[in-house]
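Right after this note come the structures.
In the two assemblies presented below, chain A is common to both, partnered first by chain B and then by chain C.
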Partner chain A sequence: MFQPLRLNALLTAVVAALVVLGLPLLGVGSYVLHVMILIMIFAIFAVAYNLVTGYLGLKTFGHHAFFGLGAYGSALISIHLGIGAWASLWIGAALAAAFGLFIGLPILRIKSMAHVAVVTLAFAEIVRLSCSNLKGLTRGELGLWGIPAFQALHLPLVGEVVFSPANKIGYYYLAALLLGMTLLATAVILRSKIGLAILAIRDGEDAAESLGVNLTRIKLGVFAVSAFMVGVAGAFYAHYVGILTPSAAIGADLMILVIAMVLVGGLGTFAGPLVGAVLLTSSAESLRFLDQYRLLVYGGLIVLIVLFAPRGLASLRLPGRRVPERPA
Partner chain B sequence: MTAMPIALYIEQIVNGLVAGSMYALVGGGIALIYGTMRVLNMAHGEFYMMGGYAAFYLVGRSVPPVLAIPLVAGLLFLVGAAVQRLTVHYLLRQDGWLFACIAATLGLSIAFQNLALIVFGEDYKTVPYYVEGILRLGDIRLPLQRVLMLLVAVGTLLAMGFLLKKTRFGWALRATSQDSDAASVCGIPVSRVHMITFGLSAALGGVAGAMLAPIYSVSPWMGLPVLFKGFVVVVLGGLGSFPGAIVGGLLLGIVEALGVQITSAEWRDVFGFALMIVVVWARPWGLFGKAP
Partner chain C sequence: MAEERRDDGIPGQALTPLVEVSGLSVEFGGIAAVHELTFAVSRCEIVALMGPNGAGKTTTFHLIAGARQPGSGRIMFDGRDLAGLRPDARCRLGVARTFQITQPFQELSVTENVMVGAMMHHKRLPDARAAARRYVELVGLADKADAPAKGLSTGQRKRLELARAIATRPKLLLMDEVTGGIDQKSIPGMIELVRRLREQGLTVIMIEHNMRVIGEVADRAIFMNRGVKIAEGTPADIARHPDVIDLYLGDAAHG
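After this line comes the complex of A and B, so read on.
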């Protein structure tokens, strides 16, 4: 993470960005755009999860709570307060970040990974149960619908950009923009002094503290930032699909999918979550006919990856690649 | 609520004890594995689910329950031992094995759930009561099925206690959980102890699943809520402590039974989880344990 960007990495990033930005211009179908949008939503989630779990080394299993909080927060605010989706997205994400700080506090005191796992899981379960029990507000498992889409934009040079199920290009570029911002924020954090502190905490908490790293501030801050990013992904998802149910937006399946993505791509690597999101989402879509086996495959995949490629596919040694960093 | 006769309260407490004895079986299994291997077994709920299905098919083939329950335990012992030998055994040698084990057992849990969905179908299966009839003690009425559950739980836990305290295997297990390197130096086959421990834990979960199958129906998803309950129980009792899990289980059962009288049933789990988070925050070593 601390070497200057090498030419290879820079070229890969530029090519990937060009492909992503250029794809809609090739006149691909609405379905391809939909899959790409899903990939980008999951990529934001996976990148944010990786920041906490892979880099900071805080192994949480409850990040789907923040996805649900961002989604329900933004949807309810835009429905009831009449605030447009452009603003409610950030309010929803801020709500997720606030809850991230809240649940970050008890986690701070715990050194045992098992306790952290249990507490974060229980927290997410509380959020899910609350959303399905508060039927007056969220309509529970019946589903919250009528979530407003993003208002059309008038951009110079481009003209009017509409956001509708029929025309996904607007959503596509918005998702790409949000993913780009997430990646940029992550890179800036990791390449700053704070990034050094984050890795120091992962590799040796006591040693880091003895060198003057403020554990409380860094851990809480990173947890909140990560929750914010996941909240953004959730809020965008809410306004994109237009309907939310607790089991779809806060279900444990979501977390398992993201954990699988991060593990497949490589925990604690920058490109890992992206690779994982692309591979798992696109393979899930192309294997639609195997729908009932999908979760079986994900479960098995997690086991196999952990057993045989614990550093993930992104860190397999390829010719001309530097040996990957040690994962936590 | 205030006008409720005292007998109804006692009935609720007894029902809570029965539920709690089942939580103790589940939590005891989680605690056994965590105490010996420091592995948080996320697939424990699926052992419970398999126990439910095993009971459904055995009782459905008119195997008498007296025979079916030990058979379920034996079957689940083999499943648990196989799971340990094929996955956790290798993971324990890895760098970062703590996370690897949690992630792998989580993957196993999802895989088992969906395997059950494909093999057994998504319909909820019902199992007949193992014993019919109602026990009457004054004003207190208790179905014999629940009495049986309590007896089986007490019997199983007593047998486990005997195994842990009085047998050579129990000594080996407790030595391994205290310090596996030292145990290994003393000639204890640590790997085999781990495998048997996993099997015992799965058997405990399976017995709980088999005993609860007539009360709740059997489905591929029945494991997850019970896993969460098990987590609450082991955290209350101090993670990794087998006696703690028993006390925690009984406590949770009674608190829930009384809590449902006060609030509605759908918020019950929320209070359980909140209680757990508060306990982790205030006393991470459990309600009854000593601070390290």
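After this line comes the complex of A and C, so read on.
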């Protein structure tokens, strides 16, 4: 609901932020940092997807296109135009947002959910196939490599921060910063007049429109902002892993994974996408020992959670804690 | 009454009707829901729109509010042709409506529901919230102000519809069976509210079945059947009209 921040929510957020910021100081290994970085990339993606699907109620299945556009956009710009990753990341994200507006316009007039799903999915397939086939530019499935990393930074107090596969701390804090910015932007949007309009649209488009809410403007704007955020995640990913293939950066399984995260965590809840990203990324990693049975167990886990917590884990209350009674 | 309000000070403006519907028609699957409908409503007038089920009353509201596009005909509002304008644009011009099948924003509280309408005139959310509270009280939902809309009874949902609509500070209010589902003893309060709104300069078209309500507040009534206007006049005239008695009052008076 559209309500003042509750104290517990604020406390939880502060504690979570402290844990994330403090983790590298505990001397954890490079692998743990890598998994955490993946979690944060997915979290940005999931938060942005939740904004459109969970809050605005627009069931899209093509958001991986924006991840790919951000990733390839930023990578190609930094390779060919000699612009550093710090700047190309935002250009890549802006490219994703521009495509978001472009695809947003036609789908917003479609009332049927199924059609929205098919059109957005088809759009993402077109983006993926284009990247596969423009081999001169992207090298297709052979992989685009040689993507420059972020240039080292000289920060006051901290000293030199390097971004290399060997030293992931720089990437870790940059991912945390980008995720923090995404969460902040989302919170600001949701708690503004636009946020109220978004929730009204989700609950009843016709009523919202009759009360003066401009559906096209709100939906397009939110769609573009969401595409921008996913573009940021994609661009960061490109400069982090240093190699892109269309199937990894624009594959439909990426979208499916993010949808699973949002459903498991709680569609239309603020913390849901974060919970989902943590749980599904870390369990995917920790189930690696199961080898070919991994996906089976993983899928079973998702089914169980969705069955027993249909509104997502973030909506569950700890036993013993009183649930604030809502008059029904 | 009508002459008292000249809100824009343009001479003669008060004499032109606020709403002028002419030759309005729309059909669904080849069946005319509204056919060649023509009527006008003056500023500060309260007009009752009557007729049996399926007469085309709600459809007429949809057309005026912009939720449906007419097949032919024209709607002039406050000196403007409304053709092609979306519902939100019409709302900004001053057309507000309630839904017969209530459409509360389920996950929002009662006050937040009304804030959606109040946002239009308030830049800051706290101002919109304060204004929304006043409208919530005005319709008698103060005790439910912070309750989620999904728990409201039918009558409460009708009041919520009304509060949301007037929160947009309309010039024209389209009320679709607002007294339906409201308990009998709150009806006088409703009548009083509509009267007060009119005194503040609001023009009202109300779809209404309750003859007592119509008799007490409506200046005029329009009676429709199968999409066609068959009678128009004072509520007393309509109640005496032979076609109306045939079609409607015959059983409604007993039911």
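The criterion applied here is as follows: the second predicted complex is superposed on the first by the 297 of 328 C-alpha atoms of A that agree within 3 Å, B and C clash if a C-alpha of one lies under 4 Å from a C-alpha of the other, contacts with A are read in each partner's own complex, and residues count from 1 in each chain.
The definition used in the following text is that contacts are C-beta pairs under 8 Å (C-beta built on N, C-alpha and C of every residue); 3 or more make two chains touch, one makes a residue touch a chain.
Note that the structure is a prediction, hence the values are computed from the model and not measured.
K.L.:
Using the superposition on chain A described above, determine whether A:G204 touches chain B (first), chain C (second), both, or neither.
P.N.:
In the superposed model, A:G204 contacts chain C only, not chain B.
K.L.:
Would you sort A:Y293 into first (chain B), second (chain C), both or neither based on which partner it touches?
P.N.:
After superposition on chain A, A:Y293 lies in contact with chain B alone.
K.L.:
Go through the superposed model and pick first if A:V119 touches only chain B, second if only chain C, both, or neither.
P.N.:
first
K.L.:
Between chain B and chain C, which one contacts more residues of chain A in the superposed model?
P.N.:
Of chain B and chain C, the partner in contact with more residues of chain A is B.
K.L.:
Report for A:P165: first if it touches chain B alone, second if chain C alone, otherwise both or neither.
P.N.:
neither
K.L.:
With the two structures laid over each other on chain A, which partner does A:G146 touch: chain B (first), chain C (second), both, or neither?
P.N.:
neither
K.L.:
Considering only touches as defined above, state whether A:V303 meets chain B (first), chain C (second), both or neither.
P.N.:
A:V303 contacts chain B only, not chain C.
K.L.:
May I ask you to decide whether A:L215 touches chain B, chain C, both, or neither, giving the answer as first, second, both or neither?
P.N.:
It touches chain C, and chain B stays clear.
K.L.:
Quick check on the output: what are the common chain A residues between the chain B footprint and the chain C footprint?
P.N.:
The answer is residues 326-328 of chain A.
K.L.:
Along chain A, where are the residues that touch chain B in the complex?
P.N.:
Chain A residues touching chain B: 53, 59, 61, 105-106, 109-110, 112-115, 117-119, 121-123, 125-126, 129-130, 133, 252-253, 256, 259-260, 263, 267, 292-293, 295-296, 298-303, 306-307, 310, 326-328.
K.L.:
In the complex, go through chain C and note every residue touching chain A.
P.N.:
On the chain C side, the touching residues are 65, 67, 86-88, 91-92, 96-97, 99, 103-109, 112-113, 115-117, 119-120, 125, 128, 147-148, 150-151, 164-165, 167-168.
K.L.:
In the complex formed with chain C, which residues of chain A make contact?
P.N.:
1-3, 192-193, 196-197, 199-200, 202-204, 206-215, 326-328
K.L.:
Looking at the complex, which residues from chain B come into contact with chain A?
P.N.:
Those in contact with chain A are residues 34, 38, 40, 87, 90-91, 94-96, 98-100, 102-104, 106-115, 117-118, 224, 228, 231-232, 235, 239, 266-267, 269-270, 273-274, 276-277, 280-281, 284.
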